[in-house]
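Common to both upcoming complexes is chain A, partnered first by chain B, then by chain C.
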Partner chain A sequence: MSALEHWNPLTPLAAATFLVVAAYAAPQPAGAIASFAVALGGAWVLGVGRRVSALALAVALPTSALLLTMDALVPGAPGIATHILALGPVRLDVTAVRVAMLIAAQLGAAIAAMGWVVVGVAPRRLTRALAARGLPAWAAYVLVASLEAVPEARRHAVEVMDAQRCRGLNTGGGIVGRVRALLPLAGPLSVSLVSESEERALALDARGFRPRSRRGTLTPIADPRAERVTRALLWWSSAAVLAWRIAVAWRGSAS
Partner chain B sequence: MTGALSPEPVVSLRLDRIQYGAHTALHDVVLDVRPGEIVGVAGHVGAGKTTLALAAAGLLGGAVPARITGTVRFSARGWPPASFVFASPWTQLTELGGTVEEEVAVGPENQGLTSGIIRARVDGAMGAAGASPLATRVPRTLSGGEMQRVALASALALDAPLVVLDEPTAQLDPSSARRIAASIRALAASGRAIILVEQNLDLLAELASRVVVLADGAPLATGDPRALLERWPPLDARLGTTTAVAERNAPTYRAPLVVTDDAPGLVIEGLVAGYAGRDVLLGVDTVVPRGAVCAWLGENGAGKTTLARAVVGLVPTHAGTMRVAGAVLDGLPVELRARLVGLVFQDPSRQLFARRVIDEAAFGPRALGESRTGALAMAREALAIVGLEGLHQVNPGDLVPQLQRRLAIAAAMAARPPLLILDEPTAGQDAAGRAWIVRALEQQRSRGAGVVITHDLTFAGRVCDFAVTIARGRVSLSRSDVPFGAAD
Partner chain C sequence: MRRTPDVVGLGRAFVCYVAVRTSSSHSLPTLALALIPRAVALNLALGALAAALKLPVYLDSVGTIFVAVLAGPVAGMLTGAVSNAVLGILYSPQLFAFIPVAVVIGALAGWAARLGAFRSVVGAAIAGVAIGLAAALTSVPIVIHLFGGLTPSGTGIITIALRMVFGMSLTHAAQVAALSTDVIDKPLSCVLVALLITRLPARLTERLRTSPA
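Take a look at the complex of A and B:
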């Protein structure tokens, strides 16, 4: 169980938002890399390190590799670049490396920070916490449905696959065999997901669901004073960093 | 809401016509339901029962796009005006709750109540529906019957003045069904109006003061259920209803069982199996002789479905052995077991994926190596056995659930496996549908053996040679006689 389960879900959300804002506001790669490191380190401290790291690195590493490869293969403006690598037509300049590092670190930081919430906080808990802050019913449902969409689709795929295997479909034979077996699933799976969403809508209607109403909650989520103060500091800090970044950009464009 | 008894109807229906696209599902309905009254709705598959129920609960026109000509008036001003229990337990989870009690709380939460009131509603409703022991379970992991109890609790938690129940006991074991019947009676006694859609006239006769029989989308008769029983033969195709007495007196399809075969249909010895570190089956021993049809009985969640899934290889086994028609199943992958075992899941809509009925039925034989011509011939034969020969070109998704279930049976039978396992085959079936399933099982006798997982003891008594009761992961009772009918 993640340590985040003991917190009000809005607290890690505020902290994650601050890290994302800090990563994107930083003009130099060092700031974004620092945010990335804090987000990754925080994930390990909070007990969700393995999944969050896998998610973040799976995006950050290919992104930086792709950006560097593109820069190396596509010739830039002549005469202004400082090449750190030149092998025939393949050239890599310092600015490109900095940009690649900045973008990869920003993406990595965003994923790692939001990963705290996505991996460590149960969607329904987050929804309850947001509902307590006035989130309307439709938004709560959209949030839960979005976060549940992937496991739901996976469950459906397994059910349809099981049914087909029970009638003799061989889904083995390596990747090619699996893909060949899975292709016919795409149609029925999409249809069943659509019909399931219609059934869900009817089930919600039957439980008195009204999109714009404010919902109650069976188990209110604790929100101690210390967390409320921390969150306020984090939100204000995020706003301050954003304001500073906009001011810097405005001053730069004015001069 | 527990309103005092009042002569004013809780709901008044004056329905000239209800249409889905160009199809008229219901017409010329006039119905008032008053506080404390239990009104039954019966009729054949496609008669318009569910449409009437949805209309009475105010659920048509939103998520269900229907054109209503006429009026539905509710006397109460609270929200929602009615609560609804659907026939299929799998389609009524909102997924807004991660545990059973959270799922049950969704309705009161939608009503914007305080935590204390929501807690009181949830506890009361779960107690009345027998769902309290499931409070911390994850809804998706429940058996069909357990899920239905949660659905009932969720409806009760709304505390609406009108409760509409569409075959609420179809998935339930007899003791749960009795508990639900008692809950329905208690609800009516507390002043709520009840509309109960049901095929079983025995239950309607026990509970309802008035029954509306629908046929082809219009009321055929209204009156006291006992009077209706006397007026019509209960297995009349127009009514679609059935009773234990009628099924007991129906022509028996059972030939005398002679056990002489050295290779029984199914042998299970010392089976231990389960999911992710939790063994559900703790040492099952049972035999189904060739030429026999056996009923697997037991309470909801006893392990019956898990046993069926273990036989086809969908649940990992940790000890024991299984043989079908002499062939050892242990270690065989699921797709190879398909030659030996056909399984029809509890929720048939989950196992249909082709675009046409004929292709659905031909899928199994094709996957097992039959030529296209051969597979189509086998599919046609299987579809004829369950009475779907006129629907070859129809999209399975367009069929009503009852016909989908019969299609799933045909799809499992098409490859002619020596063992056929049907999980709750009669849920939602009218008298005609039940007769087709009886016919399918009789056909299966000549091919090998059959197993019926069911809570429908009347049906089991009509078609099964013997019964095995499963409790807490073991066979607790095996009886060679078939004392059904009287037992239910």
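Take a look at the complex of A and C:
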């Protein structure tokens, strides 16, 4: 069980936002490295370390490997370069390695920080917390209904494919044949989509659904003062880092 | 160094601001709202079908284009944003970064439908090329500034190959790589939507088309 379940979902959301902002807008490379360390370390402390690490490394490692491959294979601009690897035409210089590591750290930090929310907070809880802060009913409905519809979709696609194959649809062969097979597969999926939507719209109308109203909840999510203060500090810190970044860029372009 | 995150950040903030302002200033009908979650599911389902059929396309925007054509650009933009957000929550947080691309696809598909592009397969294909160009141009700055120019996918490998063979700059190689996939994927998605819409009950499409959004 994750420690995040005891918190108001908006607190890890604010913390994740601050870490993402710090990873990209704070002074580099310290900002990215510190954010990555805090995001990953925090995930382990909060009990979601395994999944968050897998998510972050699954993107950061291949991206940095591809960047290093590109920099090793594609000759850079002529000039003084400190090579740390030189095997025939394959040359890797220190700057390229630094850039690849920086991007890996930024990506890792951003994904690990968002992973706190993605892995540690139940989407329904997050939507309820957002609704309590003024998220309108239509947005809450769209989010929750989408989160529920997506897991069914893959299973439904497999069912339609199996059903059409049983009716003799050829899904193999050349690329033209496979493209042709798309319409008989996509047709039933989209028609069922629209007919289900009509039923849902009727159900919503019948229950007096008002898109702009605020959603009530039977079990309110606790929001202690300490968490509210922490969140305010995190939002203001994110805004301050962004403002500093914009000011630095502005001064740089003006001079 | 190839880093100007404030420009990208401002661009993304602008796209999201426009999406939020336009969606809040219009009232989407209940049927359009009910359609959005199913379209998000369709994006995933058709993406899975394309992978199962081993097609060299994503087809993960068909649901977004479908809603945009049926219910207008606002619903299309909302579907694109929700689709990437939900798939980001459920599968891969990096999809959050590409929300502006999905919003652009939804908006352009909706506007193309209002111009009558989806009344014929040829019109849909032309609209698809335009949407593909716009999607590629929107995604490239994100790929360059957040991922260093490469995503761990086939597009990233195309970028490396283009730089090796033709000596292109990173930006140009990333643009060509993105275009090479998007100008096939989006026209195919648009043609598929144009064909699918002819299979829907007319009363339903009329009900959506006469809505205020």
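Following the convention adopted for this analysis, the second predicted complex is superposed on the first by the 183 of 255 C-alpha atoms of A that agree within 3 Å, B and C clash if a C-alpha of one lies under 4 Å from a C-alpha of the other, contacts with A are read in each partner's own complex, and residues count from 1 in each chain.
Convention: a residue touches a chain if its C-beta (ideal position, glycine included) is under 8 Å from a C-beta of that chain, and two chains touch if they have at least 3 such contacts.
In this text, all values refer to a predicted model and were calculated from it rather than measured experimentally.
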Contacts of A:E198 with chain B and chain C, given as first, second, both or neither: both
Partner chain(s) touched by A:Y141 [first = chain B, second = chain C, both, neither]: both
Which partner, chain B or chain C, touches more chain A residues: C
Partner chain(s) touched by A:A3 [first = chain B, second = chain C, both, neither]: neither
Contacts on chain A seen with chain B and repeated with chain C across the two complexes: 141, 145, 148, 152, 171, 185, 187, 191, 196, 198, 200-201, 204-205, 209
Complex contact set, residues of chain B against chain A: 57, 59, 62-64, 79-80, 83-84, 86, 91-98, 101-102, 105-115, 118-119, 122, 140, 154-155, 158, 312, 314, 333-335, 337-339, 341-343, 345, 349-355, 363-364, 367-368, 397, 411-412, 415
Sites on chain A touched by chain C in the complex: 24-25, 55, 58-59, 62-63, 66-67, 69-70, 73-74, 99-100, 103, 106-107, 110-111, 114-115, 117-118, 123, 138, 141-143, 145-154, 156-158, 161, 171, 175, 178-179, 181-183, 185-187, 189-191, 193-194, 196-198, 200-201, 204-205, 209, 211-212, 242, 245-246, 249
Chain A contact footprint on chain C (complex, rising order): 1, 4-7, 9, 27-31, 33-42, 44-46, 48-50, 52-56, 59, 62-63, 66, 70, 78, 82-83, 85-90, 92-94, 96, 146-152, 156-157, 159-160, 163-164, 167, 188, 192, 195-196, 199-201, 204
Of chain A, residues touching chain B in the complex: 122, 124, 127, 137, 140-141, 144-145, 148, 152, 155, 159-160, 162-172, 184-185, 187-188, 191-192, 195-196, 198-210, 213-220
